């Protein structure tokens, strides 16, 4: 177990090393700290002196080591735009993004497992076919378009009158197809502050209502993938000899589905799905843009637009760290769930 | 020890001066541990680096004489297939030497091995995987001929293909068709034709009939025997089926956990098996004639070849094992019947 | 001699045609209504895109044809529409139908271009990793893993942002199409490489490859003559899915302002430009191009699903 | 009346090109404590026969007709719930590949206890005690520890012992064993077979043994069926069939065994291979490969071509073959006529 953790740590460090080299290369080539410090008016000779003083003429490796040493202490310098430590800027935006991801993850897990299992158990049922059809359409809709459609339907509202309104049924159908709108779709509202700087949307109904549309649209990208993954794995497991043998033992179908099959289904789903949940952080860039959700993604896009190199680099490092942590956790959970892995890193 | 074995081998093989193929102290290990990180183990409060190996074969000495069919038998994991693949150069031995017709071949590059490739060929176990699904039968059979006879005209290549197809009982019109259109037995015929296409003198057959049905097994076995008579072939035949060995082999080597425990002419081995493992193996074959299995019960199962037992590899399951068997690796000794056996019990006259 | 030769080739071509005619691929296509429908829609869309200069009522790239006064006109079935503009106009007064046709063309070019780019990178690396194994394999696959754990979208955004920073906005806009092909290609090659590697490894373990080695064939011939042809069907299947993904990626980048400029819009940048007007009620500028995008991606995905069911190759999970 | 009676069982697979008849007109019976072998090559339908007894055939397959009576109860057409009470309880199964048969994420104990609990109201502790006793019966070393182990911690032979223990858990009347030793090594095979035989005799359990290995059948079973292309072509007491070969296919199969031939001589081979079920030859499915047909004169050859042969009885054996029928006919004729 300890050896496993150490191995995972090595692995994580390696990944972080690669990410930091890339991040540093970006900073080194694109960022110009002199300009940031002194502005346009200072003559070139003075800049050269400053450059020397700051060690910007040192070899790449030396500069990288300095960068890495600072990075370990979460010191990535100052943001051009906000003029405060980049880590402070990120930390301010982090809760919004994490809450959005958490809400979406909850939606994905709560919906994909029952739907995936159902459509694997009854592959021919019309409801299964419906779910599969919806899921392939879901995969084909870009996440920002889902968000826009949700805004149109539930924030702006749609009133259509394809049916004659004067007849009773026509009016009823028109009402059915029309939506009222009014759901909040801009920003976070007024989140409640808990634990110092952490502001949460989970504390009040009003706060939650701000979370609904962004969370649904962020979930819409992964939910169909998860449903299809769970269904495919479960179908495969249902074909296995041990499920057949369990049937031959005379065990109830429910126990076969939800113990024998589901437990084996979840193993590959954990490895694949866990990583996918991590990548949700990347997709927040899109949803946060549409909903003006004040999270890291929106901040990152803003930083790109304003060429705030230190903030971009910090964002990359922090997101890289989040990915590495989720991947390690996923491996750990997989090792705990799967008895054939003795947590030595290789299957027995 | 190795020298002792080889001298016995040399003494008991007086027929020809140089055997067609000889293996000397052949060993093959596969690393189980992946990269550095995966080799780390946590032991006694300390992190240690530990490399694990599968000892697929360890110390095999075998000679194959021209014209004979040497059968290697054993259970799964005994290293018989590894022997075949190492002989064919598909695997590089970890230690030991392989000589073909007096020349060392195990340390040669792909290119330097090419002249030997024409003389030695291989037949595989799984007829469903041994034909390239994207090549026609004609292409499959022409490929080796073109490679080894680049100077031949297309017409001559075609003639050779036609000849070899005829000799294994493949109809000429199979040429433009693909492997998946044929049954298992037919595919195995095609695979045999591919091996025979370059007129080899030595064929390694790795379980060539195990994947086939009983009635098809007989067809393929007949074909292999026919080819041996017509073309004066030498076989190294790998199998787990003793009944096939009795029918097909001129000499038998029994392997257990990467070592040869008994080598003898087929008739001798079946009449008087000396090694306790050979005896157990033979008693385990279900026969049509007798009603009740009178088999020798072995304790436990074959240990994994990762941590080899000390002394005689068979001692853990051997009913006759004693202290010496647990300590000392038995050497090959010649028996009165003309075979060789590696067993302390036989040497001491206990068995 | 010549005549026999030509007759042989002819018979082999007819037999190949016959083989296709008898194949399971065609058989299942004939029985699968969804696949037929998807292919028909796909061909229709590709045809529209290719013939855009002839089909489109106006040329959206030609500033002279644009009437700024006619901006934000709704499509024909909504009150206040102008029959000249069947699908309405966008915020700059461009005919939406024409802009969509041209945008479809841009999206398809980038989609296919990016897949060609990924495929060449991914197949090369995948073959190398799978066949050579060892350190090459470990290095390439670790790179792919790291990149994938970052998600392709993230990589594309970062690379896109870098390119924009390096080249400057104006140059980026001028060379947007090749740059986007490069960006998406760089971001998504690991999917290919892993699929190809997995199937190379599977094929490599099969006995026909051993047989080829025993024959004495060179590594290169084994790789290209024996292994590569057998990995084609997974490559084919993943290519379909990847075209759909590349089109979505392009749309996402454009939506974020890292893609096609609004002067030469793709479907994604059209959606983006319309998004600013959605609050003012001009939903069609966003939703009509959005619908076209979804239909395009959907039919490609449906075709990909059908292909995967029929060819049933071993695909890398995840 | 026999414990198990199968009559005219038809099994089909609903495939794209229409139904494929996997089993046709299968009839056999099994008495209490009797051991029956079902022999055939791959594709003969022997595994389908085994699985259809408890209606466990995989999806496209379905039972199209016939009857299966177990202890007086008809099993075809009854609900899954009713069948479940028989599965694992009164008729249990042993599968071919022990590496695949046990669920990798559940302990041996869990997999044994759940089987007991599915059929009896029983406390967990008692179920565990019974499981332990069964593990001892199958001679697994340190059975106590095995209960909490996962399948991957056991070798193939050990797993097959566990599976036999599960099959015996509820003291069934019949065990259906589908190639129980094929995936194992030769020496382990012999031990597992001996164990199975011993336990069946000890507990008076009936055994339906599906195998391709004629040697195993001859050692273990009292009666046997030979199957070819979805039909039973010969059945009778094992010893009599092997000693007095009737059907040309069974003859060919046994004579093709290397142990029946003189070493180094050509083996007796059956030409061709088993037809696939969707392209069965007309008449007797074996006739294109049958040596007797090629040697027979026109009218008899025509019969093999056109008519599916019925069973003819000779001694205690039955064979479905026109040639055998004719030979038996000829034996009944006066001797002088035969001389002529």
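Residue numbering begins at 1 within each chain, and the chains themselves are lettered A, B, C and D in the order written.
Here, a residue touches a chain if its C-beta (ideal position, glycine included) is under 8 Å from a C-beta of that chain, and two chains touch if they have at least 3 such contacts.
For clarity, every value in this text was computed on a predicted model and none was experimentally measured.
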Remotest chain, subunit B as reference, centres from CA atoms: A
Between B-D and A-D, the pair with more C-beta contacts: B-D
Intercentroid distance (Cα basis), subunit B paired with subunit A, Å: 54
Centre distance in Å when subunit B and subunit D are each reduced to the mean of their C-alpha atoms: 33
For subunit A paired with subunit C, centre-to-centre distance based on mean C-alpha positions, whole Å: 24
Shared interface positions of subunit D, touching two or more other chains: none
Per-residue multi-chain contacts in subunit A, two or more chains: none
Touching residues (chain side subunit D, partner subunit A) in the complex: 54, 56, 58, 80, 84-89, 92-93, 95, 97, 100-107, 114-115, 118-119, 150, 152-153, 163, 166
List of subunit B residues in touch with subunit C within their complex: 35, 85, 88-90, 110, 113-114, 117-118, 121-122, 124-126, 129-135, 143-144, 147-148, 176, 191, 194, 198
Subunit D residues touching subunit B - in the complex, by the definition given at the top: 41-42, 141, 155, 157-158, 185-191, 193-194, 212-216, 218-219, 239, 242, 252-254, 256-261, 263-264, 266-271, 273-274
Touch list for subunit C against partner subunit A, complex: 142, 146, 148-151, 153-154, 157-158, 161-162, 164-166, 244, 248, 251-252, 255-258, 268, 271, 275, 278-279, 281, 283, 286-287, 290, 293-294, 297-298, 301-302, 305, 317-318
For the subunit C and subunit B complex, residues of the former touching the latter: 12, 15, 138, 206-208, 210-219, 226, 229-230
